[in-house]
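Got a structure for you, written out below as C-alpha cells; questions coming shortly.
Residue numbering begins at 1 within each chain, and the chains themselves are lettered A, B, C and D in the order written.
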C-alpha cells in the first residue's frame, strides 16, 4: 500500500503540494501519552523551509492542526490526525511543467501512471513537502521513545564529495548546520553555496544513530529492523541508497575483520566493535543502531535541461523556475529521524503490544 | 510480519536449518500459469550448495516437493506450497553454539528474543538455507515475468575490494563464476580461495538488472519500487546495504550531473542516461531497473573468535567447525534475482489485478 | 488494525464525536474518476441527523471538506481525504457520563482499554457519528461502482418485531421511510414513535441487495465476499448479526430445499432460486448479492438505568440526557450501502488491479 | 488476502482436497510454549471424518506432521508449519463434476474465477477438508489460551428446525452428540438420520461461548471482536450467518429490554444480563463472549439436481456420488472453536505483544 506504513502502529500520509492541506493519521498509539506540542514544533521547525540560506524561500507556518486523537494534551487511543494547510502556493509556477516533465522528478512517471488527472502542481503527492506530516508522526514517536529511554539522532556525514569521517559522539541537531566536525561542515556549506550559485543542486548522506534500544526488537527475515527501516526511509523523496552499520564497506572485508566480538561490559553482553550497526539477523542486539541514507541532488535546478513535450511528443527544453532547495540534505536530517522513530516505535509495539 | 512478504502476491517462508523441512507458500498467483519444473530446478541448482569449490560442502538435493497449488503442471489458483526436506543435518556440529553465540550471527539476538526454546541448530530460521524456499518462489515468478517480457539478471560486481566496473551488457548466469569481466572474475576467485585458505570469509556486492519492465509500476511514498525491493532484499541474510541506480554515488554529484534527460527514441520517451536506475518517484520509468545489494562476509569462520558463554556469563572463545561458505556472494546471485522477481511480480499484480 | 479497512482500497476513519473534526482517507482509488459532489451530498443527507422525526435533533451540516486526492472534480491518484468539522457539540451533556458508563455503550470498555485519557464525550471514536466519514467513502465507491454497472440498494425489513416480508423489487431510498411495503412501514414508524414516547429505543434489520455484480469476485476462505462484507458491516455501531442470502433460515432446511439449481437464461448460467445470496464458496456467482444486518436498539435511552460509578466503584443510576435517535435503523440504511460499496469496490480492485 | 488471516498472529492455510497434502503455517506464536500433541490429537479427532454415523465415510488419519516451528515439544519462535497428507482420495468420483457444477457448491464460481486449470476434485481449495488445518491452528491456540485462563466451548443449538433453547452451563465436547439438552439432541440425531435416509442433508446452528476473557480485548470500528471473529468464521465452508450475543433477536427489542445493566459482583464490574454477548463497542467487557454461526445444509446430496453442463452449455442433471456428510454441523463444532481461538489469541497478542 503506497502511502500507509506500519504493522502495529499505522501511519497514513495524505495530501499534495498544492492541495488544500497535507496531513497524516497515526493509528495504534497507546492512550495516555503526553504530546508536548512545543517540543514537536521545535522538531518541525528543523524541517521547515525558509529558515536557512540553503533552503527554498517558500514560507510555510507548518503548524499542525490536530483534528483527532488528542484530548487535553494526551493521546486518547483513537487515531491521531493532524493537518497542515497549504497556504503559500503559486500554482502558476508549475503550469508549464504539466507538459514538460522535469528530469529526475516523478513528473513523467506520475503522467504514465495517473494520466491527465494527476496533480502535477509542485510534484503533487510526490512533493518533498509531504515529509512535513512524516515529521509530525515521527516527532510524536520520538517523544514516546525518549520516555522509554530510546534516543534518535541524525547528522550530515556527506555533501557532494565532502565527507565527515568523524564518529558520532554527541547530538548535533541544535547546530545550524548539523554536522559533527564543524570545519568539514563549513566546506560542505561552501559546496552548497557553490551549487546554488551555479543554479545547480548537490546531494549528500545522512547518518542516523539510535541509542538506548534494548536487544530483541525486530523479527527475522522480512520483519528485520533493516527491512522495516529501509521500507520507510526509501519513502523520503530523493533517497537512493540505505545501509546499516558499515553497510557497503562490509562487502570489502573478511569475516575476521567484520565480525563484532561479544564481550562483557558491566556484566552485560555487548560487542567490542559495531560494524553490524546494532542489528544481527534483523534483530537489535543492544548496541547503537546505525543507518545511513544517500540523497541524490534535488532534481529541480535552474539550468535548462532536455526533456520531452508530452503534449506533442517532441524533444524540448525545460528550466525550473520555482523556489527549490539547492541541497535537500539539510532539511532531510529531521526527516530521517522521523522515519526511524516511526519504524522503531512500531517494532517496539509489535514486541510489547498495546499494553506495553 | 516477519516471514511474510507481499501485498497482492503473498509469500510465506517457513522452516529452520535443521527442522524436518523448509518451505514456502505463495498465494495470489493467477490460475493457469505453466510452471516449468526443469527450468525451476536449473534455477535452484545455481543456489544449491556442494557445486562450487567456493561453497559449503553440505549436500542437499534441494528438490522441492509441491504440496498444493499446482495441478498437472499449471497453477490452479489455490495457494502454492512447496517444501524441501532437510536431509544431511549434523546437529552435533552446533551443540556447542547453544551457549557460545557466534560473532556476526543471529545466535545472540535469537537467544534474547526467543529464550532457551529457540532453535539454535544451524542458525534455525535465520539460516542462509532459508533462501532455498525464497528461490522456489522467485524461480516461479521469474517464469511468469519472462512470459510478460520482463527479464531479471544478477551478477557479481565486487568481491572484497576487487570490483568489476564493466557495465551490464548480457546475462552471465550460465558462467560458473557469474561476472561480466572474466579477468576480474579470476581475481575475485583468487580472493575467495585466499580467504578460505586462511579459514576466513569475504564479502561482496551483487548487482541486479531488470529489463522489459513497463513504466508505471510501483506506488508513491512507502509503496515505491525501492521500498518494495529493499524490503525483501534485506530479508536475504548478510545484506547490509541496498541501493538503486547509482545509489550512494548519486550523493556525490550535482543535479545537472545526476538528472537523466528525457529524450525520444523510436517515438518513445526514454532517458539519455540511467543514474536513477529506472525508478522516479518510486515508479518504474521504463528504463532498466538497477539495484545493488552489499553482502557482509559470512560470519561463520574457522578462526577462533571472542564471545560470551551464555550458560555462565563469562568471556570465552568460539571456533566454528561446521561446513560454511567462504563467500556467500556466489550463491546469493540467484537469491537476489528471486527476491527481485517476487517484489516485481507483486507490484505487477497490484497494477493489473488477478485478472491481469 | 482497528480503524483501517481494505486490501487494495484502503479506508482509514478518524475522529471522535467531539474532536475538532472527523474524517477519512481513501487510498487506492484509480485516477481520473469523476466525483459528483452533489450526488454525494444527497447520499450523505440520507444519513444526516435532524431530518426525520425519528432521529436525533443534533444538527450538523455534515458537508465534507476535501483536503486531498481530488483535482478539478476528478480523483488524481493520491490518497483522498475528506473531513467534517464538529460544530454543534454540547460536551456538558456528557460530563456525568465520564464516571457513569451507559449500559449497552462502549463507555465502560473504552475506560478499561484506554483509561482516564479516553475521549468519553459523545462516545468518542465509538460514536455513531463516525458513520459520516464511512458514508463519504462509500458514497464515492457507489458512484464508481454504478459506472461499472453495479447498483447497491438497502432497505428496512424489520423494526422491533414488525417485519416487511415482501421481496426486494425496486430501490426505496427516495422514500422518507425506506421500506418496500409502505403499509408495514407505517406500522414500523408507529413502533418507533411509541418507543420515543416512552423515552426508549427500538432495534431493527437492514437488508442490502447488490445487483449487476459479475461472477468471480471475492476469494476463497478468509477473502470471501461474506468475510469481506461482515468485516466492515460489524464496524457500523450497533450491528450484532450479519447474514447472507437466507442466512440463519438456511440452517432450518434440507439441502434439496436450500440448493439453488443452475439453469440457463438467455444463454447465461444463473440460479433458479437465490438462497445463497449470490455467493458460493465466498465468490460472487452473478446473482444479486443479498445481505442483512441486525441492529440492536440504540443504547442511549431517556429511562433511568442501573450502572456503576467508576469514580468510587459503587452501584448507581444513569439517565441519558443527550439528543439521541429512538431508532438508529433509519439512518443506518445508507451506512449499510456505504459499507457494502467499500467492500465490493475493494474486491473489484483486487480482481482488476489499479489498471482495471 | 484469501487464505491468510490475522494481524499479530498470522495463519496461512494451503492445500486442496486431493492435492498431495493440506496444511497451515502459524506465524507470530511466542517461543517457549508447550504444544501437547496428544491433546491436539484429541481435538482433531472431534473434526475427523469416519467416526460418526452422521459423517462421511472417507477415512483420514488426519495426523498432522510438524515441519517447523516446534523443537522438543515447544514452540521455538519460528513459523509453525504442519501438514496432513491426503491419502484416501478417489478422484474418479469427481471427474464428472468438472463439467457439471454441483448446486450450492463453489464448483461454478471456481470455474468462473480460475478457469480450466482450477482443481475441481473434491472441491479443491474450497473443500470442507481444509478445516483440518484450521483445527490444527485453533487447537494450538486453545492450549495457549487455556494457560491464560480463557476457555472456548461450542455446542450444537439447532439442527434443521429443532432447537436447543437451554442455556450454556457446561462444556459438552465429550458427548458423542455435543448438545446441552440430550433429549433435544436425540431428536436432532433423528432429523439427521432422516435426511440421510432421503439422500438429503440438513443444516444447523453452532453456538460458541468464550469464558475467562479479560475486558479490554479488541479494537474499535473494523478491529472489533465481532469483526475479527466474523471475518474468520465466514471462512468455514457453509457458514451463512454470524451473530453475537442475542444477535438478530436484539433487533426485535427496545433499548430498555436489551441494555445490560452494569452492577458490582465481588467488587468487580459485571453486567446483570449478557444480551450483548460480552462485547461493547467491539471490545470485550469481561462477560462470556457468545457467538453463533448458521450452517447451511451440505450442498452435496444424493438426489438428482438441475445444473448446467459447462462443456456444451446445456441444461443437465447431476447426482453427487461421493461420500459426504448428511449434516456438517456435528463436525463443525470444533471448527468454530478453532476459528474463535485463532481470532481471540490474535486479539490477545495485539494487546500484549510478543512479549506478553
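By our rule, contacts are C-beta pairs under 8 Å (C-beta built on N, C-alpha and C of every residue); 3 or more make two chains touch, one makes a residue touch a chain.
All values derive from a computational prediction rather than experimental measurement.
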Most remote chain, CA-based centroid, reference being chain C
B
Distance from the CA centroid of chain A to that of chain C, rounded to the nearest Å?
38
For chain A and chain D, what's the span in angstrom between their mean Cα positions?
45
Give the residues of chain B that touch two or more other chains, as numbers and ranges in rising order.
1-4, 13, 78, 110, 113, 125, 216, 220
Can you tell me, using the touch rule above, whether these chains form a line, ring, star, complete graph or other shape?
complete
Residue positions on chain B within touch of chain C in the complex are 8, 78, 216, 220, 349-356
Complex contacts: residues of chain A adjacent to chain B
1-5, 7, 13, 101, 103-106, 108-110, 112-113, 125-126, 130, 158, 160-161, 195, 198, 200-205, 215-216, 219-224, 226-227, 230-232, 234-235, 237, 239-248, 250-264, 267, 269, 271-272, 275-277, 280-286, 294-301, 303, 305-308, 310, 313-315
Once bound in the complex, which stretches of chain D touch chain B?
1-4, 10, 12-16, 19-23, 25, 27-28, 31-32, 65-69, 71-72, 74-81, 83, 110, 113-119, 124-125
